[in-house]
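Encoded as structure tokens, the structure appears first; notes follow it.
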Amino acid sequence: MVKVAIIGATGYTGAEVIKLILRHPEAELVHLSALAEECGKVEAIFGQFKGRCDLAIEPLDMEKLSGLADVALCCLPHKVSMGFVPKLLDAGLKVVDFSADYRLKDVDVYEKYYSVKHTDTDNIAKAVYGLPELFREEIKDKDLVANPGCFPTGALLALAPVLKENLIETSKIIVNSVTGISGAGKNPAGKFHFPNMNENFFAYSIGTHRHMPEMEQIAGEVCGGAVQILFQPHAGPFDRGILSTVYCVPKKKIEAEELSRLYRDFYNAEQFVQVCDDVPPVKNVAGTNYCHVYPTVVKDMVVIFSAIDNLVKGASGQAVQNMNIIFGLEESLSLL
Amino acid sequence: MVKVAIIGATGYTGAEVIKLILRHPEAELVHLSALAEECGKVEAIFGQFKGRCDLAIEPLDMEKLSGLADVALCCLPHKVSMGFVPKLLDAGLKVVDFSADYRLKDVDVYEKYYSVKHTDTDNIAKAVYGLPELFREEIKDKDLVANPGCFPTGALLALAPVLKENLIETSKIIVNSVTGISGAGKNPAGKFHFPNMNENFFAYSIGTHRHMPEMEQIAGEVCGGAVQILFQPHAGPFDRGILSTVYCVPKKKIEAEELSRLYRDFYNAEQFVQVCDDVPPVKNVAGTNYCHVYPTVVKDMVVIFSAIDNLVKGASGQAVQNMNIIFGLEESLSLL
Amino acid sequence: MVKVAIIGATGYTGAEVIKLILRHPEAELVHLSALAEECGKVEAIFGQFKGRCDLAIEPLDMEKLSGLADVALCCLPHKVSMGFVPKLLDAGLKVVDFSADYRLKDVDVYEKYYSVKHTDTDNIAKAVYGLPELFREEIKDKDLVANPGCFPTGALLALAPVLKENLIETSKIIVNSVTGISGAGKNPAGKFHFPNMNENFFAYSIGTHRHMPEMEQIAGEVCGGAVQILFQPHAGPFDRGILSTVYCVPKKKIEAEELSRLYRDFYNAEQFVQVCDDVPPVKNVAGTNYCHVYPTVVKDMVVIFSAIDNLVKGASGQAVQNMNIIFGLEESLSLL
Amino acid sequence: MVKVAIIGATGYTGAEVIKLILRHPEAELVHLSALAEECGKVEAIFGQFKGRCDLAIEPLDMEKLSGLADVALCCLPHKVSMGFVPKLLDAGLKVVDFSADYRLKDVDVYEKYYSVKHTDTDNIAKAVYGLPELFREEIKDKDLVANPGCFPTGALLALAPVLKENLIETSKIIVNSVTGISGAGKNPAGKFHFPNMNENFFAYSIGTHRHMPEMEQIAGEVCGGAVQILFQPHAGPFDRGILSTVYCVPKKKIEAEELSRLYRDFYNAEQFVQVCDDVPPVKNVAGTNYCHVYPTVVKDMVVIFSAIDNLVKGASGQAVQNMNIIFGLEESLSLL
């Protein structure tokens, strides 16, 4: 049994990963931690776990953790995570980190978009970007996995095949995404107050979303060159899911059928990426670790639709998938 | 033109009443006030009024107000209102007060349920409970109208005919209500954070809701005796509307048809109360000042369904209806 | 491995039970059937199963089924089910039947409420009502389990302790319930068209809902006498969950604390019924097989709140729970 | 008083326009018609009009209509409308037609996209495209106004200033839109069944939506040349509103500030188009006739956001606005 600690367990990704580990046949929860003021019995913090989990969420005790856990699923927010990850690694744990702190290889880009000095640059180089469909082999060997952002997960799975095959203009990509509101986290805010968000729909973070450079970096790795992406997120009145509509200019004319064949070949061995024959509704992937992708051609442009659950494939499910890979377990355990 | 000031204009009832007065053919907005920290152009506070209202919301200036306005629609919260209402009356304005401060005639009950000492008891006696369908004549003469609570509006319109006719046991009334979330006000809170409230449904204020004694007082006035009501509110994932399902024990067996006839007679002259032949969906009254009532008999019990919009008939619309009555205008102006 | 056939697999309960069996470590899907015109690959009918289930949904072939499956989870609608259940039993399968056809022991009541002649009355007597928390021992021995209705599941778990202890007036029970719309099934209808149901809330089936006699029968069995229940369902704009607010008149005064203790004792050994200290939000049980119950006292009345997921504890999850019991498996397999 | 007939009054646009005319100070409803099988009292068809409108919806009687009405607001569907419009014109009525039958000047394009032979081509030439902000002067003189489609209204108001000023590449425009579900009409369908549409989000009509050629035609008129638009609609779980996110390639570099100034100048005299300083939430325009537009520049691309209510500015409100213009009334009557 893999012994799992969840650091920063009181948010939505924490709840989702607790659920997945409780259901995991070869892993068990041994420790849950959070800020002192958020601690307490799991069922007191998440009513849905009443009778399902006897653990308490406790302040982090690195000493205790060291002998107890094999892996830390670190759900801390950006900027906070890099203060704890080095200690977790020093304590001998494998770490799957949910934050952005180890995703961007270029420290300057990180510091520009996150407006903070990076305090653990050494470990950036040692981290692997935890998108198994693209970097599975590297994940196997690593102590530190930077679990991808939710929007980049959906966008990169949509783009990887055409990028890899060098089929599109890499400076003219538009990623138009819509997310459910669990993506905004659990802290109440005016925009997400029910009477404001319900029956509403809006764009946000115009030209400034932090997932934009993350997409560009990984897209660049995939195609082996610079990529420029105009990423525009929107928020819609539902809990879970991201639909990305990706617009690309093909380098030369391509037919929808050829594109579809390319995607099917590319993801042939991938359980969690399904290439569809029609546009994927977000509800078909909600609550699952699947990504549904539908590539097509409209008026000579390549248009790719991808749907994921932001909390599962876009966060906690992918973290468990990464954990399974690291420990040599069947990759889909607890994820079906 | 009736000159209208709105005091405490920055909440949901404020926005609703601004909309109604903007559309009113014989009234005009002359002043909007709020706490200093919430002031600003109307369109900056309520994006929906961009280009529709040039007024600014300003800190209350009683001197200025005095010569300017004929009536104050006072949207301040409970406990705060009684600090301002006497000054507004002294300044010569008529007042329609949205708070509970002048609804309960029994100061002890008020102080118990609102946990505060009442500081303007003199004006309690001078106020009339502003439910026009029951107290229209008294409203005409009064300077101070206590605009009813949202739940009491729906429950009392459901109960009035059987109470008036002395047909039900007055100690065994159950009012089971469901409200949309605009009723919770505009301040973000964990329970009403979109990912918590969406796809959710729950009961609250078990045995303690402040609208319970308000219902009991007015129900008692209607039937001329003591009334005991078990009022249980619930919150559902929608913006607007209250459905009340009211369970009563009839004093003697009654048929549904007879009950229906009684209700039609009782509300015959009332434009805003419609007696229905079937259960009223909340959506049929959303955005309107109407109350739809459907009385029936199930297994020898009297069951009455009533639907209103909590922000219109349950607050701002009813306030405008009261204002129209006070100033001798057609009662439905701006409400159709 | 228990070999499972799902009969009538194309509805919402079918999809839910497919998901649960796919995840079940000691059961496997061997056959899925439906009406000829609804057949096809599972992933063509339920997009969420793309890449997760290779079976096709086929017209029922009793001969083939006979050697193939150990148990039939029969998701056929009321009235249709009784045409197939005897054949499934004859073929040597255990049957968990989702319909109402074997729930009501009194054929007259069945025929009155379902407006049809019962064609398999022999098997009514052989069936057990599959509410494990009340009838676990009997379920173990039976070939035919009548899986309870969704509303009765929530209402009966709320009422059982006070009925068993003879604490309430059994002729004055009111069950006021609210259900999410998955309860209405998958066939489009005007009332449930999104622009009609969204932002709406309404009562339905006034005095006529078929779950009323079902509740009364089982409640009567629990307390050993006649029970009369006024059951009033409502529909709210969410997918999953039922909140029942149950109002009872106690035979003699009882305190909330005593009631709470009684419930905790009663459900002490039950994993799937959790007695809460506060009102249970529907969202805490959505997607789970749990029932959260909160009993309390308001103005001398006993008020009990219970929350379940109508598709899980109210249908497919409870069916799997029953299947687990029948085959001597751990009762919670695939349900955590 | 302008005497108004509504033809095809039983859909969502019919209900919306009935509401607007009931509130209109200088217009009155004189006739409502629909298919025979949909006729009846208005309040029987639309519960929200109980007590508000005594008219019955009747089968169309052209003879009766002729002397009765000044204008027909024709809410018939595409393909049906062209069978009635010539008769209405012959009867001496002005017509505002909600369908697409008179919007496309090129009959071949119409016949390709609507898969039907056009049977009233003569009147196409006599019709004006009823977007008042672009074609007000022409509307004044016309007997037949083709009321614009909902998506084109939002997209064209977003694009008009940059098209008019010749600032963008006219072959590379992407209009990515999201609509609420009232846009799908009132007929129940599987996709829009509440449990399917709720918590869902999807793209549809890939490369085939009929509003695409409509946008291209009018955009071409505005800039005086050919325009090619990739229009991709999506459906989201809310009732009302369209948010369009429009991506354009500028001919030469432009700054956001300059763009904003251009839009403010362009729409300076327009009451119903408000140029915003930030992204417009759909909820700010829901229930109103306003269009909120926000133009900006992201990574050297021009990105314009526009929000409208699909049933008001996108249909019934705009029709009333057109009617007001035709009859020389104040343009905003009943629309504030």
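The first chain written gets the first letter, and so on, giving A, B, C and D; residue counts start at 1 in each chain.
In this text, contacts are C-beta pairs under 8 Å (C-beta built on N, C-alpha and C of every residue); 3 or more make two chains touch, one makes a residue touch a chain.
Everything numeric in this text was worked out from a predicted model, so none of it was measured.
Participant: When chain B meets its copy chain C, do both sides use mostly the same residue numbers (more than half shared) or mostly different ones?
Facilitator: Counting which numbers both chains contribute, over half are shared, so the two copies meet through the same residues.
Participant: In terms of C-beta pairs in contact, which of A-C and C-D ranks higher?
Facilitator: Result: the pair with more contacts is C-D.
Participant: Which chain's C-alpha centroid is most distant from that of chain A?
Facilitator: The chain farthest from chain A, judged by C-alpha centres, is B.
Participant: Go ahead and note the Å separation of the Cα centroids belonging to chain B and chain C.
Facilitator: So the centroids are 40 Å from each other.
Participant: Centroid of chain A to centroid of chain C, CA atoms only: how many Å?
Facilitator: Centre-to-centre distance between chain A and chain C: 36 Å.
Participant: Could you please state the distance in Å, as a whole number, between where the Cα atoms of chain C are centred and where those of chain D are centred?
Facilitator: About 46 Å separates the centre of chain C from that of chain D.
Participant: At least two partner chains per residue is the criterion; list those residues in chain B.
Facilitator: Each of 180, 196, 198-199, 237-239, 280-281, 283 in chain B touches at least two other chains.
Participant: What part of chain C is in contact with chain A in the complex they form?
Facilitator: These residues of chain C touch chain A: 22-23, 25, 47-48, 50-52, 199, 271, 274, 276, 280-281, 283-285, 287-288, 290, 292, 336.
Participant: For chain C, which residues count as touching chain D in their complex?
Facilitator: Spelled out, the residues of chain C in touch with chain D are 12, 180-182, 184, 186-190, 192-199, 237-239.
Participant: Quick check on the complex: what are the chain C residues that touch chain B?
Facilitator: Touch list, chain C to chain B: 174, 176, 178, 180, 196, 198-204, 206-207, 228, 230, 232, 234, 236-241, 243, 245, 247, 279-283, 286, 296, 298-299, 301, 303, 305.
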